[in-house]
Amino acid sequence: MNTIGKLFTFTSFGESHGKGVGGVVDGCPAGIEIDTEFIQKELTRRRPGQSIISTPRSEEDKIEFLSGIFEGKSTGHPIAFVIWNKNQESKDYDHLKDVFRPSHADYTYQQKYGIRDHRGGGRSSARATAAWVAAGAIAKLALIQTGVDIKAYTSQVGHIAVNKTYEELDLTQIESNIIRCPDAETAEKMIEYIDKLRIEGNSIGGIITCVVKGVPVGWGEPLFDKLQARLAAAMLTINATHGFDYGRGFEGVHLTGAEMNDSFTKVGEKVTTKTNNSGGIQGGISNGQDIYFRVLFKPVATISIKQETLDKELNKINLEARGRHDPCVLPRAVPIVEAMAAITLLDLYLMRIRG
Amino acid sequence: MNTIGKLFTFTSFGESHGKGVGGVVDGCPAGIEIDTEFIQKELTRRRPGQSIISTPRSEEDKIEFLSGIFEGKSTGHPIAFVIWNKNQESKDYDHLKDVFRPSHADYTYQQKYGIRDHRGGGRSSARATAAWVAAGAIAKLALIQTGVDIKAYTSQVGHIAVNKTYEELDLTQIESNIIRCPDAETAEKMIEYIDKLRIEGNSIGGIITCVVKGVPVGWGEPLFDKLQARLAAAMLTINATHGFDYGRGFEGVHLTGAEMNDSFTKVGEKVTTKTNNSGGIQGGISNGQDIYFRVLFKPVATISIKQETLDKELNKINLEARGRHDPCVLPRAVPIVEAMAAITLLDLYLMRIRG
Amino acid sequence: MNTIGKLFTFTSFGESHGKGVGGVVDGCPAGIEIDTEFIQKELTRRRPGQSIISTPRSEEDKIEFLSGIFEGKSTGHPIAFVIWNKNQESKDYDHLKDVFRPSHADYTYQQKYGIRDHRGGGRSSARATAAWVAAGAIAKLALIQTGVDIKAYTSQVGHIAVNKTYEELDLTQIESNIIRCPDAETAEKMIEYIDKLRIEGNSIGGIITCVVKGVPVGWGEPLFDKLQARLAAAMLTINATHGFDYGRGFEGVHLTGAEMNDSFTKVGEKVTTKTNNSGGIQGGISNGQDIYFRVLFKPVATISIKQETLDKELNKINLEARGRHDPCVLPRAVPIVEAMAAITLLDLYLMRIRG
Amino acid sequence: MNTIGKLFTFTSFGESHGKGVGGVVDGCPAGIEIDTEFIQKELTRRRPGQSIISTPRSEEDKIEFLSGIFEGKSTGHPIAFVIWNKNQESKDYDHLKDVFRPSHADYTYQQKYGIRDHRGGGRSSARATAAWVAAGAIAKLALIQTGVDIKAYTSQVGHIAVNKTYEELDLTQIESNIIRCPDAETAEKMIEYIDKLRIEGNSIGGIITCVVKGVPVGWGEPLFDKLQARLAAAMLTINATHGFDYGRGFEGVHLTGAEMNDSFTKVGEKVTTKTNNSGGIQGGISNGQDIYFRVLFKPVATISIKQETLDKELNKINLEARGRHDPCVLPRAVPIVEAMAAITLLDLYLMRIRG
């Protein structure tokens, strides 16, 4: 339900147009410096209104901590926080009250719960992910101390893909453009394409690639807490995601065993692998190599193009969205992918320390 | 760790060359007829030695139930079972005792646990999946009563793909050939290709597509037990898997929102969607349409072609596998995918009944 | 850690002198009317400053809901709430910053976490139970619809005990006096005794009895979610508790099997038991009879009498409490016992609905 | 349900007259020497037929390990085991098939599940505890390495109580008599009393005291995994238990705060407390002092004295037990209490290692 993790847990709450979105982080090791500036910066990376290719809604996404921090440090007790909703214009959504928008959660929520906060998508709104980013930022602060570094970027928008591996890219350039693609040339094409769709009232999806460096051998708990399984679940939780692969994924389906296998070798006294098609994971456990994976996002379901659908009384209606929305969520989803990766990894890190 | 699920749980145990593999299924509703013939049939679909394209090891995979069944029916208490190991030839593996086989779990297990049962892969062996299939068969028996039907098939082997959607295929033909591909023509090409690689001592992966019919609206628990997240985790738990997508997945990355959105409509009084690009899931909850997803398998890591690697003392060595292995796990993985889907769906079914 | 329950879960947060205490309730069935007046009334039963025998601290304990409620009803999504801290006088606690108060959590928290919010007991303060009462009130609102009624009362203070069974008492009289004991005569003695100890700067514990009526047959999940085990865990979580028994407890240790056994019989067509020494639970499952149990509370550890102890540097010091405290927590603990019972029972109620 | 624990988990299965009882232990640290002789010895302490005051059923209770052990050591993977049933005489129980025995689980199981394995109590039989003792023995083997020592003994049978604290007793004498009471004189009286009741066909309960030495400061996770709450839940899971207290329990209810509080002091450089009324736990966390607690057992429900009750068709009937049963379970429950304590403590030990 709304709590993820075993030792490092995150409980999420909040709706798009309620008081706010927030969460409770439990199991954060004591004594971690809670750098609120860093957390705020992460929130700002996700917040809407950053550029022409994201929604003009301008949420401030200011975080307020309620507990678990004493003299700037985590106490080992639950860290609760709220990101207050400020810019809600609920009446903008009145016309959607009784509508089942195509490919949204309106219909399934209504049928499952019999009641639904329709304002701005209510609980199913991507606004909830602001809290995930905050929780992820706390996880990052704890992980940094272990030497782990997590970086995600937009690697594909619609048919426009970066044709380089993450190793061929300069990941320090991710934040240098509004699509968060470290390949400047491709970034430009992506932005142009999104802007064209934006003007049409259409939307587009794509792929985010995430690279985790610095995870030592041994994270991940077979059988049912395998590292890739936990990452996949975390990623498929993010709104609009439709797929996940790690290491050589779907595009490498043609490879034979002889081509795919990663031979072990030594560099000095350090064990490494000649190739890293396994994406840093073998038998569900990190092997010390870079972990990398991809997350597929479908296009935002909210578009301004007229669509046929049903209302609550099951009358056929025509729908034209008037809410403020993103033509492409990818750039804002980059910090969300990183956050969910951090939440997952910190939990597996804590689980592995035994005996 | 080794228990999956919340209300319907499955605890797995066993190694390739120990006494046996098995498990404990807990939370199975009481009064379900435990059709042991059906369970045995499912096990037989997974067992090795079925055809020329699978390993010649011929495990009998006979299941023995230890508890939880009374007069042929589930009692609501834990159903424990063992599939005894019979055909172990542990000495076949003596030469692997100190070897870190490329892309196997040898290295990560050794580093994580400091001890490792090397015989036939020990705990990391795919033999453990025999028990998963048994647990899944029990879940299927409970799900059948709700009208749910799960069918998986091999949709791609290496570069050879079925070029039809599942709706264009006759899924009753899945079991009509040894690769479990319902498209006879493609099946033949797949088998030929695998046999060629088998002779070379090489291996190949591919994709299994799974289709679930009959799930009503309302299964799946946002936020962190979303249907697709739980399915992804279950699939990425299966040995050798590297990817998952559902509905229109990676191959549909170029679609715009206008193309991807599923409009709601009515057929008679029944709500349905004009298209089903969402794969039967919206907001993490089943919407009453078919659920379909794909699982990517890498090639079997065990090949007979010479490979460089390290041994436990970190000496460089050359390795030539002599164990009995599959050139392609896809056909045997079909029932495993179905089993993990069934385990996941039954749990979410039970979780949804409230109030 | 800080989340309790499986389907109906409660995540607790907050410190005595932080921003506030609160929680997130997850798994509350949708469509429950969230009667905030009732919840506030429950909070008022727990709040300090109610009478001469409780602490003069006068916390307002005003609850603010942050999510999960729409048009007055639960939506099936997390209900987060905060009870803001208002009356904190943190400087009152400055002299305790480096002191390990006897029988408090100061020492264990300091050693375990290496950091400690000492203000008013911080996280270990009973102030956190305000949030439990709120969560319990929500659980009560859901349980009422199933016909369950939970009533607790003070049955013993120090050596002064009610010499009647709950069946011989008029439970509507619980709230008629400040000690919450339905036996007026005993209540008076208890109050006198507490007041005497209050003047001395001393404190006293006692026993709360809780009676749950209306639970039908079938709640409780053997083996490890037995009704009595879950209740015991919930009760032993409450600050200052030291014991739990149900049905005929410690005082009936001398009974033989022939005396203790509850014979089944019929009243009309309804199955009942001639006696109810089992306290309404058999084999870990409710049997349809009244559930009753007792919870032992030790005396409040904070007293105004001089005590020897250590400070953080392990110097011996003399301590005289100056904070505001209760000479006896029993009356304020009555609603806490009820709340934890409600949280436990609702979870087991939801878990039992299967197939 | 049938799995207990978070990191060190135990999944229980089996019925009295099925194939056997057993379990799966998961999360046992790797590299622990699995001393099967020790485990067998623990099982022998619990097995029936040990003396005239226990049931004459003579179960062999021979354990067979199925997985998780390699070359005598734990591998970090699930340890599954079975204790095969051998001495079942199911026809002995035919006359109980349709009977709801007083104070047994027959009625609640039948109503909850609609189906019931009546043979020898089926799943609700105390025979299941053989597997718990085995799991507990494994936990003990892991705990021994941390210096923890767990010892339980019979401290009261009916009205006959040991009038000494555990510190005044010689705990090495526990196994020196058949009632497992270290006070020889009291033991004799207890045995006489039980034997008298045995001849009458009656039964009696009592109290087991458990003492845990060597737990350092810091075990136990507030809020909802407090050490005493976890212990209480574990103890109240044991068949026939009705109560739990720790430190100064119900018998100390008259103590004031000034009497109950444990002052901190130093012995050399070691922090200790002058008294240990807290039973080694403060704020839910171990404080380094001895942990001690009591568990109340009701009399065995199976007696040979005629009792009125109902059958499945709700006809009134007279019941005279003919099965083989214990007049007092206390001596055989001693190792069960220790086992459940060990399972609980190892889990909390593993949970505490962080960052």
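In this document, chain identifiers A, B, C and D correspond to the written order of the chains, with residue numbering beginning at 1 in each.
The definition used in the following text is that a contact is a pair of C-beta atoms (placed from the backbone, for glycine too) under 8 Å apart; a residue touches a chain by one contact, two chains touch by 3 or more.
Bear in mind the structure is a predicted one, so any value in this text is a computation, not a measurement.
Colleague: If you tally contacting C-beta pairs, which comes out ahead, B-C or A-C? Let me know.
Modeller: A-C
Colleague: Report the chain whose mean Cα position is at the greatest distance from that of subunit B.
Modeller: The chain lying farthest from subunit B is C.
Colleague: Measuring from the mean C-alpha position of subunit A to the mean C-alpha position of subunit C, what distance in angstrom results?
Modeller: The answer is 39 Å.
Colleague: Between subunit A and subunit B, what distance separates the C-alpha centroids? Give it in angstrom.
Modeller: Taking the mean C-alpha position of each chain, the two centres sit 27 Å apart.
Colleague: Take the average of all CA coordinates in subunit B, do the same for subunit C, and state the distance between these two points in whole angstrom.
Modeller: Computed from C-alpha means, the inter-chain centre distance equals 46 Å.
Colleague: Quick check on subunit D: which residues sit in contact with 2+ other chains?
Modeller: Subunit D, residues with two or more chain partners: 1-3, 7, 12, 27, 30-31, 77, 112, 123, 222.
Colleague: Note which residues of subunit D are touching subunit A in the complex, please.
Modeller: 6-7, 27, 29-31, 77, 142, 145, 222, 350-351, 353-355
Colleague: Given the complex with subunit B, which residues does subunit D contribute to the contact?
Modeller: Per the touch definition, subunit D meets subunit B at residues 1-3, 7, 9, 11-15, 18-24, 26-27, 30-31, 64-68, 70-71, 73-80, 82, 112-117, 122-123.
Colleague: List the residues on subunit B that touch subunit A in their complex, please.
Modeller: 1-4, 12, 100, 102-105, 107-109, 111-112, 123-124, 128, 156, 158-159, 197, 202-207, 217-218, 221-226, 228-237, 241-250, 252-266, 269, 271, 273-274, 277-279, 282-287, 296, 298-303, 305, 307-310, 314, 316, 352
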